[in-house]
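One structure follows; several queries about it will come next.
Note that the chains take the letters A, B, C, D, E and F in the order they are written out, and that residue 1 is the start of every chain.
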Amino acid sequence: MPQTRKTKRVSKAVLNKLRQVSTPTITTQLISNHGLKNVSLRNVLPIDPSLRRFAGPAFTLRYVPLREDLLPEQYLDHRANLMTPAVEAIPPGSVMVLDANGRNDVGILGGNILMRLKVRGIEAAVTDGGMRDITEIGDLGMPVCCTAFAPPPSFTKLMLVDTECAVTCGGVPIFPGDIIVGDDEGTVAIPAELAASVAEGGLAQDHLEGWVNRRLAQGDAMPGLYPPAKKAREAYDKWVADGEPDEI
Amino acid sequence: MPQTRKTKRVSKAVLNKLRQVSTPTITTQLISNHGLKNVSLRNVLPIDPSLRRFAGPAFTLRYVPLREDLLPEQYLDHRANLMTPAVEAIPPGSVMVLDANGRNDVGILGGNILMRLKVRGIEAAVTDGGMRDITEIGDLGMPVCCTAFAPPPSFTKLMLVDTECAVTCGGVPIFPGDIIVGDDEGTVAIPAELAASVAEGGLAQDHLEGWVNRRLAQGDAMPGLYPPAKKAREAYDKWVADGEPDEI
Amino acid sequence: MPQTRKTKRVSKAVLNKLRQVSTPTITTQLISNHGLKNVSLRNVLPIDPSLRRFAGPAFTLRYVPLREDLLPEQYLDHRANLMTPAVEAIPPGSVMVLDANGRNDVGILGGNILMRLKVRGIEAAVTDGGMRDITEIGDLGMPVCCTAFAPPPSFTKLMLVDTECAVTCGGVPIFPGDIIVGDDEGTVAIPAELAASVAEGGLAQDHLEGWVNRRLAQGDAMPGLYPPAKKAREAYDKWVADGEPDEI
Amino acid sequence: MPQTRKTKRVSKAVLNKLRQVSTPTITTQLISNHGLKNVSLRNVLPIDPSLRRFAGPAFTLRYVPLREDLLPEQYLDHRANLMTPAVEAIPPGSVMVLDANGRNDVGILGGNILMRLKVRGIEAAVTDGGMRDITEIGDLGMPVCCTAFAPPPSFTKLMLVDTECAVTCGGVPIFPGDIIVGDDEGTVAIPAELAASVAEGGLAQDHLEGWVNRRLAQGDAMPGLYPPAKKAREAYDKWVADGEPDEI
Amino acid sequence: MPQTRKTKRVSKAVLNKLRQVSTPTITTQLISNHGLKNVSLRNVLPIDPSLRRFAGPAFTLRYVPLREDLLPEQYLDHRANLMTPAVEAIPPGSVMVLDANGRNDVGILGGNILMRLKVRGIEAAVTDGGMRDITEIGDLGMPVCCTAFAPPPSFTKLMLVDTECAVTCGGVPIFPGDIIVGDDEGTVAIPAELAASVAEGGLAQDHLEGWVNRRLAQGDAMPGLYPPAKKAREAYDKWVADGEPDEI
Amino acid sequence: MPQTRKTKRVSKAVLNKLRQVSTPTITTQLISNHGLKNVSLRNVLPIDPSLRRFAGPAFTLRYVPLREDLLPEQYLDHRANLMTPAVEAIPPGSVMVLDANGRNDVGILGGNILMRLKVRGIEAAVTDGGMRDITEIGDLGMPVCCTAFAPPPSFTKLMLVDTECAVTCGGVPIFPGDIIVGDDEGTVAIPAELAASVAEGGLAQDHLEGWVNRRLAQGDAMPGLYPPAKKAREAYDKWVADGEPDEI
């Protein structure tokens, strides 16, 4: 009897905008405008930080600690296994979010499943546990975010019991369809219904703060400039109106 | 898409036997005969250790960290709240198992809900978080097991997202219908299909070990006696056949 | 350059009311009416749970990890020591709050200092570390709250660096003058300016919930009764108007 | 190739004195006179706090995490098992110290082994893990100190690999023959060669501090009295010379 | 009285094979064929991940927390010091495994000892603590695996008490002579008697999974292919029989 | 009423010398010559390890957990905010040390404040929490040391309550004016009055150990050479007297 939540679909245009906003800016938007403080997955970072930012709706998988007699069901070719169907069912563009109970001593996914996910057009894979087959993951070109490198397969400690349900990942509550955004600095979850607002607000904030940063670099003092008071905001508006000249 | 598991119903006779077996003995039965090592809920103990042992099928509730904008849904009179229907729906004789994510800084249940559960004939309430209203709980006469005393209500940190699903409690995987047994020393989970075997095996083990304990108290050395080798076992069998005389 | 905060003085009448409100009720008041979630000191419990509830303004002491060459200054008779003056200066009725950095492996206070505090009329002593001389503390009759029993003196690990400043205790921010309330279930901090409101609201809540509890004990179902909807609230109001008869 | 250390034998007279000194006093002696800060086993407390203080030389056992294929060797009747010989070999008067790697999710000893140890005249059993068969332990009358109640047998997680070697228990290094002293407040380890000095110094400290405590209870201020300056010390000396009259 | 275990010597040929098997594959072999789940040292990673895989028999060193009065014995030129003899005695080709009690705040080895180990032909050094002199270690060209960078010398917190005994490292039990294998992803321990089987099984698994990976990259779905069912296995066998053509 | 400590001013010459000494050497100097064991900030590392070593006096900031109603005061343009004045007041050459309570889930500083600090001539910024705006920090060219990358702003969890007071950072006590030195391996704190001695001793130690390292690289055994006994020391002295020829 899970709570049923209808998730707003988020447009490609909004996702594209979110791919231009940094994760710190997203967290600022979510606390300042929406009162959400707990949106950043603790210590969940990309294995290859050189990859582009990603954004997509969450497709969730939930694990609990292994019960030893259910180990056979964890093998990918057991008829009760939930992973193989999930890998074939997850919609392209999704971010697979695996609630690994924060265990950094298992590799929740390895090279072969990740290869299949990549081929299927998945945007990224995210877990609060470890990942395995790190070399292969480095060659994959798909963002894979985790808290650790961990050789052992997941079924040494965990078993998969549910998909497409509310989960916890990195201490953050995530519902299916929440928008997951990641960059080289972190991974955040945005409730789907706030995605458009965060995208707009984030782009505006980044633009304004970029201007602030250049003024600071020139030697201006912080009071009145950061955060920008009325006069600084007017200077910024003028600079924008002037076509954003190099000199500021 | 949770895994569906059919749970074997456990008879009252088996539950009654389990109420006579100590939790250490149950853990020994589960590892030695069934290979299950992870069955004892870490640090989950009764608030009133003087109450009798309890045993009943698990009725599970699952929490994740609170998302601040969903706080209103946590109030018991909100139409989306899952707790009030669960409290009225849980079958008498069940053990309510609440996966509190191991947070010992919230009181997952308080005096009023527990009073309703008691009136409804619930066997016990068990969580890996804190409980609140400790004085009222002490007066209740129903086993309530937790990891801590914690005044704050659960919704300061957590939200309830699902019921009657697989959960983790005290590090142990628990499916709905698993048999939960508790005493003043701990709380354990038994897969329903093993309950009868554990009940029989546990009673036999306790009886034999009681005899061993008295022999040890008399000064017999451990080798051959504990665990009982062939000769000791014959002496025990004879003692049983003799009607278990006081002198052993 | 600490932030300066003026603290509202809290009257004896309000403190007396707070001594009649349970810590769970105080936490409910603080989140529901004032949006404060983080007010309950994690795992800080009285050594003797049979003592009465206490309430008083915080007098704070702050420790940091010991620097070995400053060990001599930690001895109570060293001229630079801050504890001896604090013990003689703390106003009667205060609650001494010691930020022990959450270390449960040192006894932050022992029998002699606590005896002096008691003689000086201190309301209680509270720390998120251990306490030592547990037997003497048991004989003292003054509430002493901590997270552990710990024989070693504080200066094996910590040094006292400041008094009457903002501290952290049990994960909760505490300013000098905040009202600290404790019972057998926990210890909470109330901003001084909210103390009167919490006292009034808490007494009202406890009274109403006591009536609810008796109705639940009689077998009434939860929906509409807890939390009380319009009809239940009218029944409660009538019961109060009728002079709170035994039958409800 | 363990380091070989000769351990000084400690006389019964010294042990008897140590049984009259509290664990906080012992820690003060060890840091103030011998520079030892890390002597108190974290959170290792007696299951029955009403038992007398104990003191005796450590007989150590060392565990490491279980390797699953060596589980059979952990059964007490396996020829490679180290526990059964240790239980029969440990000298009467010893304190059995079991390095459980700080795991509070296993019961390192249960009722039957503890019964044999008691019959064999062991002074106490101490571990930084859990204990099991808590009810039987309560009936035993022998001090048993641990960090938790834990039903599962040790071999669900650990295996015994060595005896009579240096171990860690509760974060404290312990060599065979170190003197272990415990009371209702904690458990401490004293290097054997310091035991006599600690016993003498501790008795003197307790006596002096008892006098200080009574003066504080009478209302004397702390400065000059605690710790006692020259004048206070002379008053104490006079009081002792006067035969310790009730009035002080 | 440590348990005595005879260790099978592992041939150079087997070690060479193990140097071609990835650590994830080794963990899969150990759980699937031998039931061993706890073989991967948590968070123990090479300082220079570009170095080749290493494999060799463990030579173990065991630390416990420092007792302050034994600090002089920790200096490398003290006659009781165990490190200097160990560094000169460890056989070439060994992997030095240092049980640092999981302390990531000390550097268990520094540049000079590691230089000597390298000159002596040691295969690698592995600890579950920190390492120090990170720049020098980077220049060394010998695999050095740890959980952290930590400037302070080991004797600020630990003392060495034993060598060539069973230890715990990164949560894994390790006996002298166990085969330690490491790559850029992790460090694992293989019981010596299983080394040959793991080497053979691992090479075969890697070869088969490489073929699977290429099929997945071509767009084949997972069911039936990973893990390979009968038909897929026949295709693989044919591919091998055909001389492993580029096209698959 | 904080303890008042006069801090010795450390000359530029000493700071320059400290910038040539590695952090491991500094920790060795502090324990061996001054008995200070707890000087290395746990897990506090530079975001860009390629930057030069830094050294400067600490300017401290202290945080405690957020009280939700004080969130507005955390905004940089609130009149009660302490950060903006601190950023403008911190003397050039200082190291800003932020006691983030060890929280690795908030970014204690971001790109704009750090830009202003850089422009103002700050030597480095150090915290035991996370940092945010990692890309901008990478472009800054100023050492920024932390325990994690963390997108969320500090005020999601913490509030700034004091500056220029004793703090804890990475488990180490730090007073204003203590000298903070950092390199790619760690960050350490030196009491100001010991800075000159550590600088001299450290340079000498590094020089001697460099010579030892080259001898070890040539194949000399450790005993007598490391640490250098009389004969080795004479050889070193001769080598220095000979003008440090390449051949040693």
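The rule is short, and it goes like this: a residue touches a chain if its C-beta (ideal position, glycine included) is under 8 Å from a C-beta of that chain, and two chains touch if they have at least 3 such contacts.
Quantities reported herein were computed from a predicted structural model and do not represent experimental measurements.
Looking at the partners of chain C and chain E together, the chains they share are D, F.
The set of chains in contact with chain B as well as chain F comprises A, C.
At the interface between chain A and chain F, under half of the residue numbers involved are used by both copies, so each side presents largely different positions. Once the centre of each chain is set as its mean CA position, chain C and chain D turn out to be 33 Å apart.
Separation between the centroids of chain B and chain E, computed from CA atoms only, is 40 Å.
In chain D, the residues that reach two or more other chains under the touch definition are 37-38, 171. Every pair of chains meeting the contact definition is listed here: A-B, A-E, A-F, B-C, B-D, C-D, C-F, D-E, E-F.
On the side of chain B, the complex with chain C involves touching residues 75-77, 84, 87-88, 104-105, 107, 110-113, 115-116, 119, 132-136, 148-153, 155-157.
Considering their complex, residues 1-3, 34-38, 64-69, 73, 80, 82, 85-86, 101, 159-168, 171-173, 191 of chain F touch chain C. Put simply, chain A touches chain F in their complex at residues 22-24, 26-28, 31, 37-40, 42-43, 45, 171, 184-186, 188, 209, 212-213, 216-217, 219, 221-223, 226-227, 229.
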